[in-house]
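Look at the two complexes coming up: chain A is in both, with chain B in one and chain C in the other.
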Partner chain A sequence: MSEKTENPILRVEHLDIKFNLRGKVLHAIRDVSLDLYEGETLAIVGESGSGKSVLTKAFMGLNDINGWIDHGSILYQGKDLAQYKTEKEWLTIRGREIAMVLQDPMTSLNPLKTIGAQIEEALRLHQGLRGEAAKAKTIELLNDVGITEPERRRKQYPHEFSGGMRQRVIIAIALACNPRILICDEPTTALDVTIQAQIIRLIYDLVHKLHLTAIYITHDLGVVANVADRVAVMYAGDIVEIGTSREVFYEPAHPYTWALLSSLPQLGKKGEDLYTIRGTPPNLYNEIIGDAFAPRNPQALQADFVERPPFFEITPTHKARTWLLDSRAPHIDPPKVLSRIRKLGNS
Partner chain B sequence: MLKYVLKRLAASVVTLAIVITLVFILLRQMPIEGYFDNFEKLNEAQINAKLANLGLTQPIFVQLRNFFGKLLHGDLGLSSRYSVGTPISQIIAQKAPLSMWMGLMSMAISLLTGIPLGSAMARSKSGFWDKFGTVFIVFINAVPAAVYYIFIQMYGTSLMGISMLFDRANPVTWILPVLSMSLGSTASYAMWIRRYMLDEMNKDYVRLARAKGVQSQKIMMRHVFRNAFVPMIQYIPSSIMYTICGSIYIESLYSVPGMGGLLVDVIGRQDNPMVQALVMIYSAIGIIGLLLGDLLMGVIDPRISFVKKEGAR
Partner chain C sequence: MSEQQEPFLSVRDMHVTFGERRHRFEAVCGVSFDIRKGETFGLVGESGSGKTTIGRAILRIYPLSGGEVYFDGQRISGKIDKELDRRVTQRMQMIFQDPMASLNERAKVDYIVSEGLYNVARGISKEERERRVANALSEVGLLPEFASRFPHEFSGGQRQRIGIARALIMQPEFIVADEPISALDVSIRAQVLNLMAELQKKRGLTYLFISHDLSVMRFICDRIAVIHLGRLVELSETEELFRHPLHPYTQALLSAVPQPSPDCARRGELVAYDPSIHDYSVDQPVWTELVPGHFVLGNQKELEKYRKELK
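For the complex of A and B:
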């Protein structure tokens, strides 16, 4: 919510990613375009399987080998990462330019190496630090991520840390790489609710202190509201709506965003049933025609089943892919329950 | 740590005592005919004299007490039938070193070929090495050892132009028996390291290491291989220990004068003191091997602690 600039640091254009699974082709990312501005925090939300992780892993060449970029480009500093093939090329990006915090801290650290050794591995690779210098920097990093007694803790093994502490170590490893972009792939999903807020706060503070550009992948909309400058909503491998946090939360335009926000438990009232989205996401093995969300949308228009809607610009920063924004479309009001979001935001 | 080791040692001694006592009692249930070469021709007085000479006429608990009493002084007793009157410790001291050398050499070969083969298999999953290794492992496990042992002996010796029998002084004759002995473990080391490495390769920390920008070659060595090797380390002390016992089949095939087959031999001849001594040695070796394996794991894997943690869940 500060330091946001107008320069895209990363530019994704018409990206298509496919996977070959047992002879069948799965279309995981469907024609996604996205600009990531330097210094911003972008949140990508969507349900499981919507392609959030696959999209961001593509920025680092970390998708499994049965996946490939069918077409499109990922422009970063004048280079098209979509053309990268060899490990040598990717090593210029991984960690060094873009670092990642993974979902499950319990399994993301090597159980047989001290956490100091694991941080120093990154320091050696990306900052060329060895010996005493690496040790000093490790202690500094552990301090930064809020681990007390870093001199003692760096000699300990992952099993001597709790989940929240391990996630702090993983954040320290990501920072040790000295990246420009930090991707946090559901960094709090595996943690205790009480710890989640602390970790989010920590990432938020560090991102601002170190002037990083951050991508937050999550399905917890509550997290998004607090940390993100912009929010992209993904559904079935496509971005259906993107805008500033304020726009997406207060003036959502896509029926899927409506449904997603309506299912926030915080909006529920005592005695009322919680909102659920009926049906299941489409099968990505099949070709999707029209608006992917239409079959689950009770108010879907006929056009939704025929042709994929283009992005309609609502404001210069707010875009949504829905025929509802077409001038010929009937007027459909968002669910009433969404008005409660403003109240939540104000309190 | 020391407390844990002492506890384990004490438990081992108890286990050993139980094993020996059981074997001791079972041996006394054997038909007495077995103690004689010419049972039919002897009269009762002669039989009783021999049995008394062997100490078998005393009540079993007295026999047991005498046995343990001698054992405490390090005396394994004398062979009664295998090599009458020779101290058992002397027989074993004569035969064990050869078996041990051959065993250690075959183990070294197994480790030095099996581990690289298995890790090459894990890296080239469904590539050439994986296919080659799978064929090798399936072959070794599916074909009875006796079959390929004999083939190796027949074709190997004629190819090398040497005698079929082992000759201690001629190092060339060591090659085939040692190689044959190593094949089984080579296959199992390859199979297990491949499996453990594939397990490790799918773990999240490998993903994190990749995201950190570590080269895959280095991830393989520093993270995957190292971690996959830990569960294997546990079995190494026991396999070293077992090599001392020698390979029954290989030793008889090449007429190697080692320990292999000694136990079977003395059971057949009902040489009670020898059976007792050998069973005790073999059990002790097994128990110590397991203990060393567990301790080694504790040294290498930081998650294993022998000390009870305060307030640990």
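For the complex of A and C:
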């Protein structure tokens, strides 16, 4: 966090994203504001359908054409990406400024081209390298992402690589564009635990070595404790809590963060039931009134059903959208199992 | 749980081979273990280690190329008579990994859940079958009226519940759960794990739980066997395995478990496993019980070292 500056590299303000699906309007992102600081790693955590991918895809203009930015702005280097319309405009951002690593390494590579050709394509487009220079850079990149014998491996096809190795190739392609922001969308969900640990470590090392700013999207809080400087928790298209990694793991404030953390099997004891979140996430076709999590929260306050809570600031870096932090609210203790997180840290 | 108890399921020197001659590939090479009645036995390993193959070979989906499987005292591997085959099919069931891929998209839940009954309970009436489907659905926390819907109308967690109902309707005693929660969201994982634990208590089920994720297994398994490239390398009670992992591969797996704590995560060093550290050229490794219930694969020199570590 030492390189963190006060200036956000990317600033999202009151962003609303809607999708048109079979004549109905789905409100996928609801009034999200977010600052991304230079040099930090921000983790965005949420269940499927919470909008974490939609939000970050909006930074690169990658959402499907039935989706649109209804309101708000995405400020990057003095430009408002929310106003971008044409592919030509987006090509100035995609890859060269913001690059993305996707979830499934089995489908994001072209099976008909050698991996060397795929990396060189990115180098040619974004850095203008050709011939020997491109080849040398490719070998350097493959080395960086921990692929041994890069001279030989660059001539191989994706099917000759295992899942973990393919994910390394994809990271190499993302880095070939020399981006400032690297978005990793569930980069390890499809991988084995041992490989997952290696990839997470690799991303962590590269982000620090190359002074990148990273956004790490996942549904598994257990994974991001490893890498994130800050954690943002998303629910139903809204950020409900954001803070430094320690703040969110040790002193979570929003009932949804409590629920997510409590349901981690790592905190369970054999013979006891794991905590489960009852019900299902709200239907985003309907307008959401109050706190979106209230219907699933057994301890919801009356105010939660009436009015959307504002962000309450707990520390300058930690804020949460819950009425529990209002001065009029009754005191509710977080679930007891959460104390086991601290014990894990000490053991 | 007494040590002398007759094993419920016993795998003896299992070999499974795919392909022929030049393309022969031995996926499982001489695996032996016992599963006791009512326990959850975990099988952990990376992709390609053969853990799924073992589960499927037990269920007679793949033929063995060597060794035997005994279930409740009877040999069920190789050629067995029709009557036993039918009984075994009913008593052993499977829960699959990906609920998005393992349900027939064109069949209604009613048919998906009751399909097994067409084999073992042919005589029952339509009403009886519907009643059993409704029971199985409510047992896994779904509404009986879901029976008339199609799989695409359900979320991932609900679909996995349908997969479990499909196994339960057969009144099984032994269930192979092959990565039942890997494809699910964290919040849904907890629900499925709780459901499996609850059903085990209620029905006295025995599970073979196959996974690559030790953090989940610690929560659900009584004993865990670690498998690497078709061979078991370590087997022990869960807590013992976490406290005293002996084999370097087990240690590597444990070091990769993600911890939801910002401080311990950063300190943890990643241990990589390099099989070439074993020198098995002269001294062949043997499967040895070092202390009661804790088995490990190693040659004499390594076993000596492991013994010292345990003291």
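The rule we apply is simple: the second predicted complex is superposed on the first by the 345 of 347 C-alpha atoms of A that agree within 3 Å, B and C clash if a C-alpha of one lies under 4 Å from a C-alpha of the other, contacts with A are read in each partner's own complex, and residues count from 1 in each chain.
We take it that a contact is a pair of C-beta atoms (placed from the backbone, for glycine too) under 8 Å apart; a residue touches a chain by one contact, two chains touch by 3 or more.
Quick caveat: nothing in here was measured; it's all calculated off a predicted structure.
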Fit or clash between chain C and chain B when superposed on chain A: fit
Chain B versus chain C, judged by how many residues of chain A each one touches: C
Three-chain overlay, vertex chain A: chain B-chain C angle, C-alpha, nearest 10 degrees: 70
Which of chain B and chain C A:161 touches, first, second, both or neither: neither
Which of chain B and chain C A:344 touches, first, second, both or neither: second
Touched partner set for A:222, first chain B, second chain C, both or neither: second
Partner chain(s) touched by A:312 [first = chain B, second = chain C, both, neither]: neither
Touched partner set for A:280, first chain B, second chain C, both or neither: second
Which of chain B and chain C A:37 touches, first, second, both or neither: neither
Partner chain in contact with A:260 - chain B first, chain C second, else both or neither: second
Touching partner for A:59 - first (chain B), second (chain C), both, neither: neither
Shortest CA-CA distance between chain B and chain C [superposed frame, angstrom]: 6
Chain B - residues contacting chain A, complex: 203-205, 207-216, 222-223, 226-227, 230, 300-303
Touch list for chain A against partner chain B, complex: 60, 62, 87, 91, 93-96, 99-100, 102, 104, 107-114, 121-122, 125-126, 157, 159, 170, 173, 177
Chain A residues touching chain C - in the complex, by the definition given at the top: 47-48, 163, 192-198, 200-201, 219-223, 225-226, 228, 245-246, 249-250, 259-261, 263-270, 273-277, 280, 341-342, 344-347
Contact set on chain C toward chain A in their complex: 46-47, 155-156, 185-187, 189-191, 193-194, 197-198, 212-216, 218-220, 238, 252-253, 255-266, 270, 273
